[in-house]
Amino acid sequence: MPSVKPIEYADAPPKVRAVYDDIMATRKIDWINNFWKVLAHDPATLKRTWESVKEVMAPGALDPLVKEMIYVAVSATNNCEYCIASHTASARKAGMSDAMLGELLAVVGMANETNRLANGYRVEIDERFEPKF
Amino acid sequence: MPSVKPIEYADAPPKVRAVYDDIMATRKIDWINNFWKVLAHDPATLKRTWESVKEVMAPGALDPLVKEMIYVAVSATNNCEYCIASHTASARKAGMSDAMLGELLAVVGMANETNRLANGYRVEIDERFEPKF
Amino acid sequence: MPSVKPIEYADAPPKVRAVYDDIMATRKIDWINNFWKVLAHDPATLKRTWESVKEVMAPGALDPLVKEMIYVAVSATNNCEYCIASHTASARKAGMSDAMLGELLAVVGMANETNRLANGYRVEIDERFEPKF
Amino acid sequence: MPSVKPIEYADAPPKVRAVYDDIMATRKIDWINNFWKVLAHDPATLKRTWESVKEVMAPGALDPLVKEMIYVAVSATNNCEYCIASHTASARKAGMSDAMLGELLAVVGMANETNRLANGYRVEIDERFEPKF
Amino acid sequence: MPSVKPIEYADAPPKVRAVYDDIMATRKIDWINNFWKVLAHDPATLKRTWESVKEVMAPGALDPLVKEMIYVAVSATNNCEYCIASHTASARKAGMSDAMLGELLAVVGMANETNRLANGYRVEIDERFEPKF
Amino acid sequence: MPSVKPIEYADAPPKVRAVYDDIMATRKIDWINNFWKVLAHDPATLKRTWESVKEVMAPGALDPLVKEMIYVAVSATNNCEYCIASHTASARKAGMSDAMLGELLAVVGMANETNRLANGYRVEIDERFEPKF
């Protein structure tokens, strides 16, 4: 059960509705997922977080599908179940196949393994990996 | 300082040299980085880890650059400095620009933020995010 | 389902009951929450953990509400759902409003974001941030 | 060594200088710390992150010192050394004494301990901790 | 709900069945747990992961019970509920008593506490702890 | 650089000296490592933490070497460099060989990998893993 009651569109004050409207227009959907309905209790955080997510996830030097897969990679590493579920759904919508999900999680698993081997043995950074500037 | 002394090629037993040779041949390089030199104290782990990394990072449904960026995303989330340094270098070699690094870390930062908002508020997973099967 | 069966007051041996009694007396409540009932399988850990929590969470240089909010911040970062639920309840009892919870989690989210940007870019500590002594 | 070269004020393009100027004006200081100089390679992330930090850390339902201590709590939990150093310095500037730092980290340590006991034993959330709405 | 449908033995292609058969033969059991049934969607990862687990968890310089307890320690620290449940069951099967589980989790809790105290205070490594080579 | 100056024995107040004396007597050593010298700024935390560590790490259902290895496993997972260095040193003193360290970190790496595969795929806990009580 969430810490605060999700706020439905019908019950939302104008400042919250404006964000909900922008989420639905940007994503071309007709519903609001629970994450935003819960953040709506703190309208400043709702607005700031949505605007940041919209800016960060827009196409740029990386395409949206790659960005969604990076989101899943972080969420699986942190074990945020909500975020794994919602961003796996978004990544599938953006074109991720089962084979791509399999390779994505294989890399995530491997990185988590070698991260602990490198930390556990306290491996020193090779001079050649340092950037030159 | 690492927990065990890195093993140089000249001092390595045949089983370790065989792995070193395969690393250099696969990556078309003429040196071995510290991670493998430290793992060499445990030849079974050296061999298993290298073969897993080689298989996981090979081109497949995802291209190698995307895989390297996912590796950086996990390593930044876990704060494995060695892994951040080495995989940022690999990703650059595979074509990552400064702009791509910037967007990659922006997504990593945002995912870590929303992971904690979702966890902290105990947001429930929307029925619509569940897969149908 | 927990790894061991929670031990109810009626079934508890005297050493466990003594801790349960002190928890109820200290917190002025008439029930024991599941965390302690599960720890009761290991009476030494039950006693040591309760005495540590009692000492650490007592008023001192920081007031109890600030301490409860710091507890929620750590628990949200680690995604310990039990701890988020129980310490959010404690913080509310100690006076945390919805607005305070919103700001608390906004700081937690932001800190998790900038933690990964600082780690991911391997930012060096400014000389001015080092303490002088 | 950071992944990208820090950008000094003298070398910064106008969009970056505008953020640097706002940081110095808001904090009433005459220098820019390395975190922002590194983010400056990605001006959109620099601007968005600074504006978010400024909004989140401003006085509100929680006072700025409490916010800085929550920042330290998260950073210590994640082991972001840069963030620990910089926010410990900020918290001291905002009035945190050695005794307050000691209690803060004592709570952080205790929360990390009980988080793992609760997770490790898979303790179930007590009905009484659930909010009523 | 898992991200992909678990694949039962009856529906599994030959490559997957071969791994399932080896898991049951190695562990002397007649069923397959969900972890492998889900990985089966990505047969390369299924095979690689099973062979790695089989090699790593075999008796060697450490006995299998110690290895299972280390697995629980990591899983409790990461809050991987599936892994806590499955490896607690395996450790019990290998001989772990309630008293051993209690001490195991007490160490895990204590290590997580002192990890944050050491990180939070940025304690420097004593010269005497460095290996000599 | 640590956040507070380590307190040497010669400069320590009686309450701190009493703990230092007990550490040296219990461990049969003639020096104090930095962790305790830094905690000494907060004598209540110094005393409580030392007494907890002494109790938790004493021989019991698990032997001290197994406990030290579990400590290393947690510290490698959390990337607490100080803790990795100090507990690797303690484990070696208690009899850990290079081969044991190798197997220990191999398990830690593998557990971190499968933790993320289990989380990332949201694998459901098998009924058979649940305890019966």
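For clarity, chains are labelled A, B, C, D, E and F in written order, and residue numbers in each chain start from 1.
Everything that follows uses one rule, which is that contacts are C-beta pairs under 8 Å (C-beta built on N, C-alpha and C of every residue); 3 or more make two chains touch, one makes a residue touch a chain.
Keep in mind it's a predicted model, so treat the numbers as computed, not measured.
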| item | value |
| --- | --- |
| Minimal step count in the chain contact network, chain B to chain E | 1 |
| Distance in touch steps, counted as few as possible, from chain B out to chain D | 1 |
| Interface numbering overlap (same over half, different under half) for chain D and chain E | same |
| Chain A-chain F separation of Cα centroids, rounded to whole Å | 33 |
| Inter-centroid spacing, chain E versus chain C (mean Cα positions, whole Å) | 27 |
| Overlap residues in chain A, where contacts from two or more other chains coincide | 1-4, 44-45, 49, 52, 56, 77-81, 84-85, 88, 99, 102-103, 105-106, 108-110, 112-117, 119-122, 130-131 |
| Arrangement of touching chains [line / ring / star / complete / other] | complete |
| Residue ranges of chain F in contact with chain C within the complex | 1-5, 44, 48, 52, 55-56, 130-131, 133 |
| Complex contacts: residues of chain D adjacent to chain B | 3-4, 41-42, 44-45, 49, 78-80 |
| Complex interface listing, chain A residues touching chain B | 1-4, 31, 33-35, 38-39, 45, 49, 52-53, 56-57, 60-62, 66-67, 69-71, 73-75, 77-78, 80-83, 85-89, 97, 99-100, 102-104, 106-108, 110-126, 128-131 |
| Residues of chain B touching chain D in the complex | 79, 84-85, 88, 98-99, 101-103, 105-106, 109 |
| Chain F-facing residues of chain A, complex | 72, 76-77, 79, 81, 84-85, 105-106, 108-110, 112-117, 119-122 |
